[in-house]
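Across the two complexes that follow, chain A remains constant while its partner is chain B and subsequently chain C.
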Partner chain A sequence: MKKHFLLTAFAALTLLSCNNESSAVNTVESMKTPQMENFDKAFKSLGDPQNRPTEEEKKRNTSELSDRRKALLVPASKELILSTGVTESELMRKTGGDMSQIIVWATQIYMKKSDEIRKNIKSEK
Partner chain B sequence: MKKLTIILSIAAGISASAQSTPLQVNNYNPDYIAVGRLMTKSTTPYAPYMYAIGTYPSTNYTIPINGDSYYDHFDTTGTANIPILYWNYVDPLNPANSNTYPYNHPLITAINSTNEWEGYAFSLRDSNGQSVDSFEVGDPVLSGGFLQPNQSGYNTPSFAEWFTITSGTGNITYLQIY
Partner chain C sequence: MKKVLAILSLAVCSLGYAQKGPLIVNNYSIYDFKGVVFASNESGATCSPYVTTRDPDEIVIPADSHMGNGKALVYDNYRDQFTNSLYPTTTWTVSLSATSVTPRAWNHPSLLPTGVISANTRWSGTKFRMFYAGTNDLAPGGFDGPLVLPNSCYNAPSSISTPLGNTGDIFTVTSGATTITYIQFF
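For the complex of A and B:
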């Protein structure tokens, strides 16, 4: 009987430890904030057929993103900046509402947050 | 030759205030990895230029499926999410300097202020390593028309582009594959 009890206890412990393990496996994807996910989705959406460069945009001899396509990135960029505690009026004062400044600022935030997530994952291992 | 070196040094000094633009790389393509040559260039003729050596001794730079990375400067690329540990450095005027250098070598630091990301000439490859499509995207002006900002796949619905967002507070260049 004692033997049985020990075996059961051991089995339960094994199960528990396995459970803990699966919950400890964090990926960068799973740890992104909703605002980071949306920011990533916006950049990914530039590849959707309707968002790809038009014939007119392709003819320009520059790699600068067109205003039409920049506009697709602005809402998610703003969301990401505001999620850091910056207020709408601060955002407007700092960027003057300039699309490029908003996107560049948000990209820098996204990069820093991704770096932090990667560091946290490394330190957990 | 000496005169030319002096002139070049002055030219380098003038542009030394500028730092290379950061590069954000995103491979959104769900099926293929990208393998190819990631290049940098100066606007000054005959100045040194480079290409990234991702996994030495392979002279290619590879982006995995769903891979992303951010590169601030050429001499910090070794610590990025997709590390570039070595650079192939080419100096047309001082061929003795042309070599493969670790990313944190002083020559790579020196090139931070003169070079810009130029583009990526690559192929998309399936899990067997077979090339399914090839692309040459980059800055059309810096590359002298050799590279184009975007390109559609010939055999697959893939699409690749190279674009910059320029703002008064800083510029970022993006390489995206869909």
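For the complex of A and C:
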């Protein structure tokens, strides 16, 4: 009887530990900051029907994202840059308010942060 | 010798097409992406070099793989993608001309970030088909095709949409010396 009880307890523990593992896997998303999340949402919003390239934008014959669509990425990009401790005036000084510079800077911050999160998760395992 | 000449002439004639930043592929769609990504030089008449992940080995980017969940395809350059990317390409196919097509390992000297191929090609597109997640069944509505930055070499769209509302887009955001190339599927 005792043996059975121990076995059950052991099985329960094993299950618990497996559960923990899967929660660690999930943390790529749960460890993101709110600013990172908004940055994701901004990029995803480029697929919304009203944000798709217009006929005119398609005819521009340039690789660069249109200013209209860049503007959709700027607020979240700024937020993400400011969340690293950069001040508003530093941001303006460095980028001159240029949308492309703000988006590229924010993308670089984003990639670095998500690399760090991935590494942290790996080292926890 | 011919090859050396070809490479030298490339270095001279093809300014403006250089790898100046990462390629990021976000697959927000519910379908699996199977296909290749490529870089090229679209100046001049030869439209080369052309560097592609090796056919027929396709890259598979599962449904719902994007920056948001850390599963986007990110290639920094021909070499570093092998160690840093979730979707490492072991061999690139490098075309210097129609008659010179060579498989090259990811760490081949000619593919270094500072090398002549990198200096003369930019991330420029993808050829892909979408499949129901985890299967070999094609996604409905013709969700496939090439998706290429506007250029004078390949007559292909930079954005597509299917009758069922799936869409795809390729574009760049450029700031000074850095160009980030994004490909997104919805």
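Rule of thumb we're sticking to: the second predicted complex is superposed on the first by the 99 of 125 C-alpha atoms of A that agree within 3 Å, B and C clash if a C-alpha of one lies under 4 Å from a C-alpha of the other, contacts with A are read in each partner's own complex, and residues count from 1 in each chain.
Assume a contact is a pair of C-beta atoms (placed from the backbone, for glycine too) under 8 Å apart; a residue touches a chain by one contact, two chains touch by 3 or more.
Small disclaimer: the values here were computed from a predicted structure and weren't measured.
Q: If chain A is used to align the two complexes, do chain B and chain C fit next to each other or clash?
A: Verdict on chain A: clash between chain B and chain C.
Q: Once the shared chain is lined up, is A:R93 touching chain B (first), chain C (second), both, or neither of them?
A: Neither chain B nor chain C is touched by A:R93.
Q: Looking at the overlay, what does A:K119 touch: chain B (first), chain C (second), both, or neither?
A: So A:K119 meets neither chain B nor chain C here.
Q: Does chain B (first) or chain C (second) touch A:R68, or do both, or does neither?
A: After superposition on chain A, A:R68 lies in contact with neither partner.
Q: Return the chain, chain B or chain C, that is in touch with more residues of chain A.
A: In the superposed model, C touches more residues of chain A.
Q: Please identify the positions on chain A that touch both chain B and chain C, taking each partner from its own complex.
A: 43-44, 46-47, 52-53, 58, 61-65, 70, 98, 100-101, 103-105, 107, 111, 114, 118
Q: Considering the complex alone, what residue numbers of chain B touch chain A?
A: 24, 26, 28, 68, 70, 81, 138-141, 149-150, 159, 161-174, 176, 178
Q: What residues of chain A sit close enough to touch chain C in their complex?
A: 28-29, 32, 37, 39-41, 43-44, 46-47, 52-53, 58, 60-65, 69-70, 98, 100-101, 103-105, 107, 110-111, 114, 117-118
Q: Along chain C, where are the residues that touch chain A in the complex?
A: My answer: residues 21-22, 24, 26, 28, 66-70, 74, 149-150, 157-159, 161, 167, 169-176, 178, 180-182, 184, 186.
Q: Within the complex, which stretch of chain A touches chain B?
A: 43-44, 46-47, 52-53, 58, 61-65, 70, 98, 100-101, 103-105, 107-108, 111, 114, 118
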